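I've put the structures underneath this note.
Presented sequentially are two complexes of subunit A, the first with subunit B as partner and the second with subunit C.
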Partner chain A sequence: MAEQRKTFHQELDEIRDEIVQLAALVSEFIPRGTELLLANDMRGALSLIEADDEIDALTLRIEEQCYHVLALQQPMASDLRSIVTAVWLTGELERSGDLMVNVAKAARRIYGANLDPRLRGLIERMSEEAARLMKLAIDAYVERNASLGAALDDIDDTLDQLHRDYIEAIFESHADHHLGLQPAVQLALIGRYYERIGDHAVNIGQRVQYMVTGWLPEQTGAARLRARADGEVDEGDTSSP
Partner chain B sequence: MTRTAVLAMAEGAVAGLVLVVALVVAVAAWWLGAATERRRQRAVLADSVRRLELDEPTGPDDGPEPLVAVLERAVRDLRSEGELSAHARGRLQEAMDALPQAVLIVDASGELVERNAAAETFVAARHADALVEAAVAELLDAALKGEAASRTIDLFGPPRRVLVVTTTPLGPEGAGTAVAVVDDITERRRLEAVRTDFVANISHELKTPVGAIGLLAETLEAEDDPEVVERLALRIQNEALRVGRTIEDLLDLSRIELGEVSVPEPVEVGRIVDEAVARIRPAAEQAGITVTASVPDALVVAGDRRQLTSALSNLLDNAVKYSDRGGSVEVDAVGRDDEVVLTVADHGIGIPSRDIERVFERFYRVDQARSRETGGTGLGLAIVRHVVANHHGSVEVDSRLGEGSTFTLVLPAAPAPTSGEVRDDEPAAGAPAPTSSPPIPERL
Partner chain C sequence: MSPAASADGGPARQHYTAELEQLALQVEMMGVLVDQNLERMRDVLRGGDASTATQAVAADDRIDAMNVSLMERCYELLRREAPVASDLRLIVSVLRVTPELERIGDLALRVVKLQPDHELLVAVPRAFDVLETMADHAIDRYRDALRAWSALDLDLADRVAAEAPPGVAATQLVEALLAYGGTDGVAVTLRTMVAGQALDRIADHAAVLGARVRYLITGDPDHLAAEVR
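Take a look at the complex of A and B:
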């Protein structure tokens, strides 16, 4: 029995290590995608789009491993939450990788567009911020640090502000006739991709909170809904003669 | 004597005899037993000595002691050998830890058995290092099957890194172990790029204007229209000036590169700033850019006035060139402990982060088209870097695209001023006072 538990925990450790590896692949995608976008590097764009297959394959492998553990062992309580969190995280990470693939594809669509230095600077900063959030999210996961996981929502405010400045800069650049409508729209989408990566990092933070404490952010909303429903029932009761 | 008495005496004698005999028998039995026991012990020990392949003692076969001595000596030898080998092992580990490369050794089952200090980064790693850890594991698997393997890993960071993982099988195939070495070749890669780019750039910088002059002269030869002739001559002049500037800068750079400041003299920071600002002012005014300087009076560095002015002029030149019309450039200096920190800040186009590490290279250009427009030689920042190195200082750049760049020079402050050239003896970190006074003419 002791031997069996050891194998089970080894399997949990392996899942965690593979999540860390998946996150590293995704975190590398962020500066890599930004660099190819700013350097008009079409070969780099193609190689990033192809490298996404590696992320997909690893995602599948981790998910299968998680289902295998769920099916064959009987994880309970925090062990069960760890596995459920791992499945969630693979989704968040895989989606973040796809967003950088979208950046590479957008780089191909706006090939040759002349981006002014301010836009380039803001793209660099959004990229750095998104990569930072992703790394913090993974730190929270590996260290099982629920407070760091919870803090990510506030840390993400910087990226949100950068995104707003960036959209404004696109409008200005377009109004000054430096930027055509087509690339302006693509650039706006690119900004959105970085901002979404930040949101995925925040989601990972929340899942880490769930893994450690069993608390889900949706519970607050659900409690509000229940409270409202109870209130309506009470009101209904009091207003009836 | 009665018969009874005789009988009693005889009984006593017999009893005594019996007692003596019994005693003798007992002693003999004990002696025999002890001898047997010693023989048995000797046999057991001799067996041990033979099994351990130790040298059996020669001499009379008289007990276990010589064998015990042999075993004791063997244990002592073994212990001292163990100590020696622990010592050797410690030395080897220390040597491994001193290696800049990460070294990891696994046994036949793939379990990590040895690693050095540099390898700590790749064990239970996170972020980009986790990718290196995965590559190491994968290549070690191949090495355990007898295949040596190598892989280059480009990490986008930040900071950007290039690592090479090489694995080699050790020992006989199938039963052996394997070693992985992770080498960081980022710096080597950078130097290779510097070298190849330098050769390409220098030939480009010198050949382009010379080629243009040749073509323009050829066209001039067949031209009669005085207006066109004048235009062509002007262009030839411009190109000649351009190549002249490049050669001048190259000579400057090689002079500065030659070495240190032979006799450092106290140089007032206020005066070199005034001088550099005065030199750039016409160009700045033409471009509609305001240059302001704020330098406390008492700041003095030890060095070469001419080199320092040249470095500062180059920084100001860049700041003005890469600012937009209506922009501003600020020069500040403060004293900090035994250093003087000089900053030149602009609010211009900024430097992309991937180029930041390379801007101090000779002929490195962030944007070829823009540099051509502004007429730089591509050597300015290389000169700055060498001047600062000659003064045992440092130069750093902090830049954001679209927000501007700040170059920070840190120079060692001159020892307490004794020469009359220095304005006063106030502490270095005085209140900044704007220096808008006209420049002091100086040899240059």
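Take a look at the complex of A and C:
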């Protein structure tokens, strides 16, 4: 039995290590995608698009490994939460990688477009912020730091504000005829991709909270529902979930 | 080996089978609650009605509660029964599908919460038309995914999973917004893009649901791979 538990925990460690490896691949995509966008680097764009296959393959391997552990072991409580969290995290990370693939594809669509310094600066800052959020999310996972996981929602406000400034800059550049319609459209979509990476990092933070404490964001809504059933809260209460 | 697994066809096994059937039905019920909120979302988007928005916010708490309850039930079954093969696939699928449903509910609420800014959303008629079309598309796609789950319909699950993300609509949306010359252009754009992004993602999550149903039916890891793009 002791031998079996040891093997089981080794398997859990392997899953965690592979998640970290997946996160490293995805995190590396963020500055790389931004650089190729700003440098009009078409070879780099193709290379990043092709490199996504490695992320996809690793995602599947981790997920299948999680199912294997579920099938062959009988994990209890926190171990079970770790495995379910790993499955969730693969989805969040894999989709973050896809978003940088979208940036690379958009870079190809706007090849040769002349971006003014303000737009370039905002793209760089959004990229840095998205990468920082992803790093913090993975730090929270590795360190099993539920407080850091919970803080990511507030930390993400910086990226949201940058995105607002960025949209404003696109509008101004387009209105001043410095930026054509198609590049403006693609740039607006690119901004959205960075913002969504931030959202995925926040989701990872919430999943880490769940892994460590068993708390789910949905439990807040469930508690409100119980309170309403007990007559403590009016049905019209619209505090956000 | 658990008693349920050893007593093939006995009362414990029958109870376990009934629990699995109930689990699948509960997911369907959660899916219906999400569906109702998607309909409220469409109403709020069209007309900006505040009372419907309030109902949607309250209904989302019920969706959250079901998600928590279903997850606890899955954990209990994993602990107690050590399921294998198709039983394990069902439980794992429930653990993967319910957060998708919950996320779709949250995205619907993101659109609903734009209700106080409804005037800004309708300021650019062409963009608003695109938003309405995106909402229709997202809801249709979601309903197909839910039907595939209920009927374990592989063909339908295949179609939902294979449908390409509606990137064209997002492009049309931004084009319409950039052509708008109003002084409130940035405010209009930010709100419209929030709504557009949420609707886009609802359709995307519906495709993931389709892929999950396909995997549940076939157990083929290649079908799992189809979800990963």
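Note that the second predicted complex is superposed on the first by the 224 of 241 C-alpha atoms of A that agree within 3 Å, B and C clash if a C-alpha of one lies under 4 Å from a C-alpha of the other, contacts with A are read in each partner's own complex, and residues count from 1 in each chain.
The definition used in the following text is that a contact is a pair of C-beta atoms (placed from the backbone, for glycine too) under 8 Å apart; a residue touches a chain by one contact, two chains touch by 3 or more.
Computed from a predicted structure; not experimentally measured.
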item	value
Partners on subunit A (subunit B, subunit C) - clash or fit	fit
Partner chain in contact with A:E14 - subunit B first, subunit C second, else both or neither	neither
Subunit B versus subunit C as contact partner of A:R164, first or second or both or neither	second
Partner chain in contact with A:E50 - subunit B first, subunit C second, else both or neither	neither
First, second, both or neither for A:L119, with subunit B first and subunit C second	first
Touched subunit A residues, subunit B compared with subunit C	C
Touching partner for A:P31 - first (subunit B), second (subunit C), both, neither	first
Subunit C, subunit A and subunit B - angle at the middle CA centre, rounded to the nearest 10 degrees	170
Touching partner for A:K135 - first (subunit B), second (subunit C), both, neither	first
Lowest C-alpha to C-alpha distance for subunit C against subunit B (Å)	20
Intersection of subunit A interface sets (partners subunit B, subunit C)	none
Complex contacts: residues of subunit B adjacent to subunit A	124-131, 133-134, 155-158, 349-350, 352-354, 400-403
Subunit C-touching residues of subunit A, taken from the complex the two chains share	56, 59-60, 63-64, 67, 70-71, 74-76, 80, 84, 87-88, 94, 98, 164, 167-168, 170-171, 174, 181, 184-185, 188-189, 192, 196, 216-222, 224-226, 228, 235-238, 240-241
Footprint of subunit A on subunit C - complex, ascending	53-54, 57-58, 60-65, 67-69, 71, 75, 78-79, 82, 84, 88, 92, 95-96, 99, 102, 106, 109, 113, 170-171, 174-175, 177-179, 185-186, 189-190, 193, 197, 221, 224-225, 228-229
Subunit B partner contacts - residues on subunit A that touch it in the complex	17, 20-21, 23-25, 27-28, 30-32, 35, 38-39, 116-122, 124-125, 128, 135, 138-139, 142, 169
